[in-house]
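Structures are listed in the sections that come next.
Two complexes follow with subunit A in common, the first pairing it with subunit B and the second with subunit C.
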Partner chain A sequence: MKEENYYQQLKGIVKPYLPEDVTVDDISPDSHFINELNINSANLVDIVLDVEDAFEITLENDDMDQMQTVNDAMAIIDKKRRSK
Partner chain B sequence: MDVIKIIEKLPYAKPFLFVDNLSHIDSSGAAGSFCFQKDLDFYEGHFKQLPVTPGVILTECCAQIGLVCLGIFLLSETLETKTNDLAVAFSSSQMEFYLPVYPGETVYVSSEKLYFRFNKLKCKVKMHNAARELVCKGELAGMIKYSTHGA
Partner chain C sequence: MAHRVVVTGLGICAPNGVGLKDFTKSLQEGSSGISFQQELKDLNFGCQVAGKPELTSEYINKYFTPLQLKGLNASGLVYGVIAGTDAWTDAGLSKAEEDEPDWDSGVIFGTGILGVDKFRESIHLVDAGDTRRLGSTSVIQTMASGISAYLGGILGSGNQVTTNSSACTTGTEGVIMAYDRIRSGKAKRILTGSCSDSGPYVWGGFDAMRILPRKFNNTPSTASRPLSATASGFVPGSGAGALVLESLQSAKERGAKIYAEVLGGAINSGGQRGGGSMTAPNSSSVQRCIKMALKNSGIESKDIEAINGHLTATGKDPVEVLNWSLALERSGLDFPYINSFKGIMGHGLAAAGSMECVAAVLQFKEGQIFGNVNSEDLHPEIEKLVDKSRIPVKTISFRSKTIAKASFGFGDVNACVIFRTLKN
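Our next item is the complex of A and B:
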């Protein structure tokens, strides 16, 4: 259930950064932020900053490098939340 | 890192270098100036018979002084490997313009860091003229990093 909550919350965070030709319905857990959702690296940083605020966690450079897909993001959020 | 070294590391050259001097730099912001010489090419076409510095060039000047110079300074404070391959990309700009800048004027840019995370630097920037009047202000952001060879 928690996973589903993360997923819905994450979709809400990503939505404003999607380019015009990608809709929130195009997002799936396997979606690659840059290659599939066409989010640029500058906006991906903004998504990470919003994720930090929303989930009250802090991401490091390594986490950023690993955060390629929506699933990656959920795994990182889960790991950080557990270690809090 | 001192200001001379920072200007040397800028990835621009004439006719697209819009930094003459840096008067101050620290981890929270940068300040510098540029003189728009009367013989700059774009005055011939912007506008016909009425040379005025284009807003995009004022924005670029703000970005070079306020964002890129500051970014080079901030990168020098990290442990990141120091290659000479500085990679920069402008990612967003939101500017408002208040006064024209005519050929021969010197402008003064100052920036205030909003954040520098994961190689993205976002700043508030302001440009004043020699009379200390506000020329333009806004928020600029870009990506900046030293790339390893071939990457």
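Our next item is the complex of A and C:
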């Protein structure tokens, strides 16, 4: 349930950064932010900030480097939330 | 072969009107866009009145994607995108297709400083050791060329996309730069214009220089008094104006409406010599600029029927009128009509030249010379040079063929452009 919650929240965060030809329905847990969802790499830093605000966590540089797919992001969020 | 250059689109986001309809109405009626600014009072400004375009977030949302709106805190950028996009639409042009830019169209859109509020936000984060929280938008909203970059991206421009900056000359300089590029065949169309942020961080420096009026905080609409004996400084303004310049050939091919032809212009500097300084113009260089503009346009002094001056409402307005008089060798009843729009707009700083070029060109469309507001008590030095009838305080009907527009800026820089109607 918690995981589904994270997933829905994350989709909401990613939505404004999607290019015109990609919709929210195209997002799946395996989606690669840059290669599959065609998100501008400059915007990944904004997604990270939005994730930090939404989940009240702080991501380190290493976390950011590892956050390549939606699943990666969920795993990092979960880890951070649990260690809080 | 040199190409003839015409104006086919106009856009405006000004203190006295957003959109051509409201803006034109304000110019015709002389209704003021200058208002009391509580923010300036709270910050102990001497001058607490200013010109600021009135925009609702609903209106702004029409021009930006949800992504662009995230963290958007750059007022000049907002004004510039609104004016620029509107000018493009007004010219009947569309955005480039997804896969290929429009190689023939460029953007020359100037500013003095961009995204001041965004920069302040960034400074606070950096000073707090929180640089990583800046996100991706701080650079693109604060780089000077942010405005041309935004417009270039929205329209898909594939020609030159750049930002010029020459203080209060910026907008008029941009028109001449765009003219040069089209005339030489390097572009078919250029969206040109300029924008300026609003707010205390832009205006504070001028307040500190004590060149803004301080006695009109209770009567904002009378504060900006170009050409007047009681002028006591310029009212700070902001906004953006935009013009689509296009080769006559291209305009004809696509059946575009034509507001006016850009006959030519001149740009120079007084070198901060011969009476010129960082903040004051060298008069002989101003006269030279006006004369060069006539020469480059292939016209004579007698052809000028109306002037839209820089005329900021400081004590220097009489000097500017004298410079026009000496450059054109005309005075008294023989002097062209002359006006300043700053009485109702304030001084839009980097945006002034473009907002005023838009207004100057609208005079052809309306068959009018827009009135000078707050200039009833003409400065005696000006009245000695120019017959009062040449400085209408109310809008008059007059179909001018040729209008000269000049802007002068800090750094002792000058620009003068000549517009001519294609109507008979």
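One rule holds in what follows: the second predicted complex is superposed on the first by the 84 of 84 C-alpha atoms of A that agree within 3 Å, B and C clash if a C-alpha of one lies under 4 Å from a C-alpha of the other, contacts with A are read in each partner's own complex, and residues count from 1 in each chain.
In the analysis below, a residue touches a chain if its C-beta (ideal position, glycine included) is under 8 Å from a C-beta of that chain, and two chains touch if they have at least 3 such contacts.
Quick caveat, the model's predicted, so the values are computed rather than measured.
Visitor: With the two structures laid over each other on chain A, which partner does A:42 touch: subunit B (first), subunit C (second), both, or neither?
Guide: Both: A:42 reaches subunit B and subunit C.
Visitor: Check the residue A:17 against both partner chains and state whether it touches subunit B (first), subunit C (second), both, or neither.
Guide: A:17: touches subunit C, not subunit B.
Visitor: Of the residues on subunit A, which ones does subunit B touch that subunit C also touches?
Guide: After superposing on chain A, subunit A residues 42-43, 45-46, 49 contact both subunit B and subunit C.
Visitor: Using the touch definition up top, name the residues of subunit A that touch subunit B in the complex.
Guide: 40-43, 45-46, 48-49, 61, 64
Visitor: Can you tell me which positions in subunit B touch subunit A when the two form their complex?
Guide: Subunit B residues touching subunit A: 89, 91-92, 115, 117-120, 141-143.
Visitor: So in the complex, which bits of subunit C are touching subunit A?
Guide: 66-67, 70-71, 132-133, 135-137
Visitor: Which residues, counting only subunit A, touch subunit C once they are in their complex?
Guide: 16-17, 42-43, 45-46, 49
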